[in-house]
Amino acid sequence: MTEVGIIMGSKSDFIIMQAAKDFLDEMGISNEISIVSAHRTPQLMVEYAKGAADRGLKVIIAGAGGAAHLPGMTASLTTLPVIGVPVKSANSIDGWDSILSILQMPNGIPVATVALNGAKNAGILAARIVGAYRPEVAAKLALYADEMKQAVLDSGKSL
Amino acid sequence: MTEVGIIMGSKSDFIIMQAAKDFLDEMGISNEISIVSAHRTPQLMVEYAKGAADRGLKVIIAGAGGAAHLPGMTASLTTLPVIGVPVKSANSIDGWDSILSILQMPNGIPVATVALNGAKNAGILAARIVGAYRPEVAAKLALYADEMKQAVLDSGKSL
Amino acid sequence: MTEVGIIMGSKSDFIIMQAAKDFLDEMGISNEISIVSAHRTPQLMVEYAKGAADRGLKVIIAGAGGAAHLPGMTASLTTLPVIGVPVKSANSIDGWDSILSILQMPNGIPVATVALNGAKNAGILAARIVGAYRPEVAAKLALYADEMKQAVLDSGKSL
Amino acid sequence: MTEVGIIMGSKSDFIIMQAAKDFLDEMGISNEISIVSAHRTPQLMVEYAKGAADRGLKVIIAGAGGAAHLPGMTASLTTLPVIGVPVKSANSIDGWDSILSILQMPNGIPVATVALNGAKNAGILAARIVGAYRPEVAAKLALYADEMKQAVLDSGKSL
Amino acid sequence: MTEVGIIMGSKSDFIIMQAAKDFLDEMGISNEISIVSAHRTPQLMVEYAKGAADRGLKVIIAGAGGAAHLPGMTASLTTLPVIGVPVKSANSIDGWDSILSILQMPNGIPVATVALNGAKNAGILAARIVGAYRPEVAAKLALYADEMKQAVLDSGKSL
Amino acid sequence: MTEVGIIMGSKSDFIIMQAAKDFLDEMGISNEISIVSAHRTPQLMVEYAKGAADRGLKVIIAGAGGAAHLPGMTASLTTLPVIGVPVKSANSIDGWDSILSILQMPNGIPVATVALNGAKNAGILAARIVGAYRPEVAAKLALYADEMKQAVLDSGKSL
Amino acid sequence: MTEVGIIMGSKSDFIIMQAAKDFLDEMGISNEISIVSAHRTPQLMVEYAKGAADRGLKVIIAGAGGAAHLPGMTASLTTLPVIGVPVKSANSIDGWDSILSILQMPNGIPVATVALNGAKNAGILAARIVGAYRPEVAAKLALYADEMKQAVLDSGKSL
Amino acid sequence: MTEVGIIMGSKSDFIIMQAAKDFLDEMGISNEISIVSAHRTPQLMVEYAKGAADRGLKVIIAGAGGAAHLPGMTASLTTLPVIGVPVKSANSIDGWDSILSILQMPNGIPVATVALNGAKNAGILAARIVGAYRPEVAAKLALYADEMKQAVLDSGKSL
C-alpha cells in the first residue's frame, strides 16, 4: 500500500518536486506522483483528496506556486497531514505569493509548510512522520543525519 | 433573476463585505449574499460556483482573508467573472497574504482583484460590468461619479 | 463594433500585453490595441477613456508598470469596467510598485487587477465579462476550461 | 506514554501556544507542555530533543518568535516530525522574522511550519499525524471537520 | 503672486498636509491650498496643473494615499517641480502603496518624493527651492537650521 | 556659475548617474560632477555641501546605494534643495535599502527622492527647479514634453 | 575613563536607549549618554566621533530611526566598534527603514547592528566586547547567562 | 593565541566568508576558519562555542544563510562578541530570511549583524574590536581609512 502521495499543479513543477520522491525512494517509503491542479482539475483534486486515506496514504505532499491553492484545498478534503511546498514558479513574485498562500491557512485546516522550493525537506518531513510509527524508517533517518554530520566534518578538513 | 452573487468564507467578513451589497442595492442591481467557505464547505463552494451561471448570475463577488482560496477556486468552477476582495482578517499579515493569494492566479483562471478591504469597489466594479450591458445602470454610475466630483468641489470650498 | 480596448503606456509593454489580444482573438471577441500614456499623452488618455463607452467598448484592458497610473486614471474617466495589468517593467521594483499603484485604488474608482504580467488572464477576464452577456462566448470559455483540464490529465499520464 | 510534546521559548508564548494543547486534549491525544529556550537553555533543549523519541513522543510542537531558533534546532536533534509555530512576539517585525527563521530551513532538516500564531493548527496537524496511524483519532478529526462545516452552514442561515 | 500651490485628493488629508502650509507661512512664502482629486475631479486636476506656471506658481506640493496618482499626473501636466507627499491614509497598506505609486515615476516625469506623511519636509523642500533664488528665504532657512541645532544641544543638557 | 552639482559616493555609480548630467547638458544647464563619499570622505562631503550655495549652485543631485547617507547628510549641511537618487548597487537588497535610507528623512531635513536608478528624472527635476526661475529652461522642458508625447503617438501608429 | 559612549539623535529615543545604559551600569562598565544628531548637529557628530578613541572610549552605541544615518556616519569617523540600534520611531515604516539604513553599510565601514529597538542587546554586546579583554566583566556576563537560564527553568516549573 | 574564529555552516559559504579572513590577515590579526553547522553538527557547535573563550578567542564571526541559526546559537553558548554575516545563499529569499534570523535576536543574546554578504565588514568590525584594545591594530585601521579616502579622491580626479 502506497504511504505517501505527491501531487503538483503542473508538470513544470516536477523539476522541483522530484527531490521529494527521490528521498522517499532512498528511505524505502512507497510513494506515487500525480499531476492534480486545484484550478484546472478541481474535480480530480476533490476525488484524490477524499480517497487518499481509504487508499492507505499516510501523508500527502502538494507543491504549487503563485496563488497556490492545491495544498490548502487538499487539506480541506482529507484528515491526513498535508505537506505544502511553495514553488518559486515563473509567475511568482520572488516566491512570496507561493509561501503566503500555502502557509497562512485559517484555523481548522493546517498545511505543514516547508521552505521555498523545499521539496527535499518535504520528503524528509514525510519520512519523519512515517518514521514516528515505523522504527526502521526512523533508523534510516538517524543514519542520514549521521551522514550529513560526517559530510560537514569532512568538508571542514579539506578547507 | 439575481444578477450578482456575493460570497464570503466567514460571517465575520460581513462587516467588510456589506459595502458591496449596499452599493448594488443603491444602483438597483439584484443581488444575494451567502456564507461559502472554500476550506470548511468545499462541496457547497463547488455547487454554488457550478450553478451560478445557470441561475442567471452575471458576476460573483468573493471576499476572503489570509490564505484566501475562495475567489480563485470559485473562478475555476465557473466561466462568470469573479471579483476577489482581499480581506484584512484577524489572522492576516497586514493583508499581504490575502492580496497575493487572490491576485496571483495562474494563467487560465483570472480573478478581478480589488484593493484590500475594497468591498465597495467590488460592488462598483460589478455594477460597471452590468452597466456595460444595461444602459440605465451606466447612467446611474455616471450620476454617482458626478456626485463624487461635486463632493470634492464642495469640500474644497469649505476649507 | 469593437468590444474590448487594450491600451498600454509604452510600446515596450506590447510583448507582455499581446497575450490579452491573442486570447480575445481566439474567443472571437473584437478588440483593438493602442499606445496611450497617462504621463506622456494625458490628453489622449482623457479622450480615449471618455469616448470609450460611446464607441461601443464594453471593457478596457490597461497595462502599465512602475508608478502605473494608466489603469486607475482611465477608470476615473469612464463607467466601463477597467482591467489593470501590472507590468514588471525594467524600472519596476520586482513588480511591487506596478501592483500596488494599480490595485490600491480609492473607494469609488475600482480597477479589476490581475496578476503581475497577467495579460492573458486580463484577456480571459474580459472574455468572461462579455460571456456573461453573450452565451456563445461563455460556451467557448467552457470549452477552453475543458481543454485546460484535458491538458493536465494528459500531462499526468506522460509522467 | 505521551504522544505530543509542546515546547516554547518563553512563558509569555503560552497565551498563544495553549490552543495547541486544548485541541490535542479535545482529540484525546496525550500531551505535555514545557518551557525550553534555544538561547537561554540550550543544554535543556539538546536533552529534550535527543530524548524525545525514546520517551515515546511522536510529534514535537515548538513555538517561538523573532529570530526563532527553537523549532529548527529541535528538528536538528531528533528524527521526529517537528511542527513550528511562528509567534508574533512583542519584539517581532509584524511576524516576518518569526516566519522566515522557522520556515526557511536548509535541506536535510525540515520544520512543518504553520501560520503566524497558528498554534491551534499546530495541534490539528499533530492530530492528523497521529490520526494517520490511529483510526479513532482520524474519526474524531472527521467529526471536527463536519462540525466546522455545520457551523458555516448555520451562520449562513442566520445572515 | 502665490509661489507654492498645495493640493490633496481629499479633505481628510488636510490633517497631514497642513504642516506644509504652516512651514511656508513661517518662512513668509505665499501659498494656497486646494482639494483636487486625480480620480474624482480629473478635469479640475488638468486645469489646475496646466494653469499653474502661468499663475506664477514656482512649486506644487501634492499629497495623496493608496494608489496615489495626483502627484505624478500633476507632474505630467506642468513643467514646474512637483513635490509628492505619500500619505498613510486609512486604506493604505502601511504606506507602501502610497510611497511606490508616487516615487517610481517613469523616465521623463519626475516627482520629488518626501517621507511618508512628510508634509512638513515638503514645505521645507519647497522653501529650499524658493530660497535658491530668493536670498532672504535662504537666510531664514539657515536660521531654522540653527534653531534645530540649538534645540538638540539644549535637549542634551537637560538629559 | 555652475547651477547644478552632481555627486555620488563611488565612481561605479557613474554609469547610473550620467543620465542626470546628460539631460542637464541637453537643457543647457551648467553642471559639474564629483565623487564625494559620505563614509569614505566625510570631510570632503562637509566642505562640498557647506560651500555649495556660496559657489552659486542652485540644486545638488546626490546618488548612493545600500545604506545611502550621502543625500541626507548633504541636505543637513546646506539650505539648497537636494535631489536623492537611490542606486541599486551591487550590495543593495533589490534597492529597498537605497530607497528607504534616502526617502525617510526626519522632519527638518528633506531630500527630494526620485525612483530607483532614476538619475535621468533627477536631472529633469533639477531642470524643472531651474526652469521655475529661468523661462528659457521652462520653454525647453515644454518642448521636451512635446517630444515625448509625439514619440508615444508615433509608436502607436507603427503598432 | 569612560568605556562606552551612548548617543542618539533625539531625546525622544531615550525611552528606548536607556536599556543599554542600565545594562552597562549593572555590569559595572563606565558609560555616558549624549544627544548627537547626524542631521541637526552634524558638526557635533564629527567632533564626538573623531575624539572618541582619544577620550578612551572602547565602544560607541548609536541609536536612530527612519533614515538613520547616525550609526553609519559615526563609524566613518572613528576606528572604534560602533553598535547601531534601529529605533522604531514615530516616522518609521514598521522599522524597515531604520534597520536597512543602519545594517546595509558599504564595505569598509561596518556597523554592528542589533534587533529593532534592541538597546538592551546593544548594552550586552558592548559588555561582551569589554568582557573579551576584562575577565571580571566576562564573569559577570556568565552569571547573567546563568540567571537567564534559571529564570526559564523556574518559569517552566510554575506552568 | 588565535584572536578571531570564523565559522560557517557550509563550505559553499566560504566564497563569501573568505573576505573576513583576508582582512584580518591584512591587519595582522591571528584567525582560524572552520565549518560548523548549527543544524548538521549541533554538538560540534556547542563544543566550539563553549571552548572559544578558554582558547583565547576574542571575537567569533559566524556566517549563515536562510533560516540562519549558527550566529545566534553560538552567541547563546559564549560570552564573547559574535558577529553574524547574513549570507544570500541559494535557498534564501533575496536574503531577507538570512538577515532577519540573525538580526532579530531576543533580549539577552545579541548578535552583531553586518550587511548581507558583508563578510569583509565582519572582518573589519572584528579588527575594530581588537583595535580598541591593541593600539597597533587601531593604527592600521586608521591607515586603511586613509587609503579608502585617497582612493575616492583619486577616482574623482580621473572622472
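Lettered A, B, C, D, E, F, G and H in written order, each chain numbered from 1.
We adopt the following convention: a residue touches a chain if its C-beta (ideal position, glycine included) is under 8 Å from a C-beta of that chain, and two chains touch if they have at least 3 such contacts.
If you're wondering where the values come from, they're calculated on a predicted model, not measured in any experiment.
Touching chain B and chain F at once are the following chains: C, E.
Should one ask which of A-H and F-G has more C-beta pairs in contact, the pair is F-G.
Here the spacing of chain F and chain H, counted between their Cα centres, is 35 Å. Averaging C-alpha coordinates per chain places the centre of chain C 33 Å away from that of chain E. Rounded to a whole number, the gap between the C-alpha centres of chain E and chain H is 43 angstrom. Within chain A, residues 10, 40, 66-67, 91, 93-94, 96, 99, 103-109, 111, 115-116, 118, 145, 148 each touch two or more of the remaining chains. Chains that are in contact with each other form these pairs: A-B, A-C, A-D, A-H, B-C, B-D, B-E, C-E, C-F, D-G, D-H, E-F, E-G, F-G, F-H, G-H. Those residues of chain B that touch chain C in the shared complex are 53, 58-59, 79-83, 99, 103-116, 118, 120-122, 124-125, 128-129, 131-133, 138, 141-142, 144-145, 148. The touching residues of chain C, counted against chain F in their complex, run 10-11, 14, 33-37, 40-41, 44, 66-67, 91, 93-94. Within the complex, the chain D residues that touch chain H are 9-10, 38-40, 42, 46, 65-69, 72-73, 75-77, 91-93, 96-97, 100-109, 111. On the chain D side of its complex with chain B, the touching residues are 94-96, 99, 115-118, 145, 148-149, 151-153, 155-156, 158-159.
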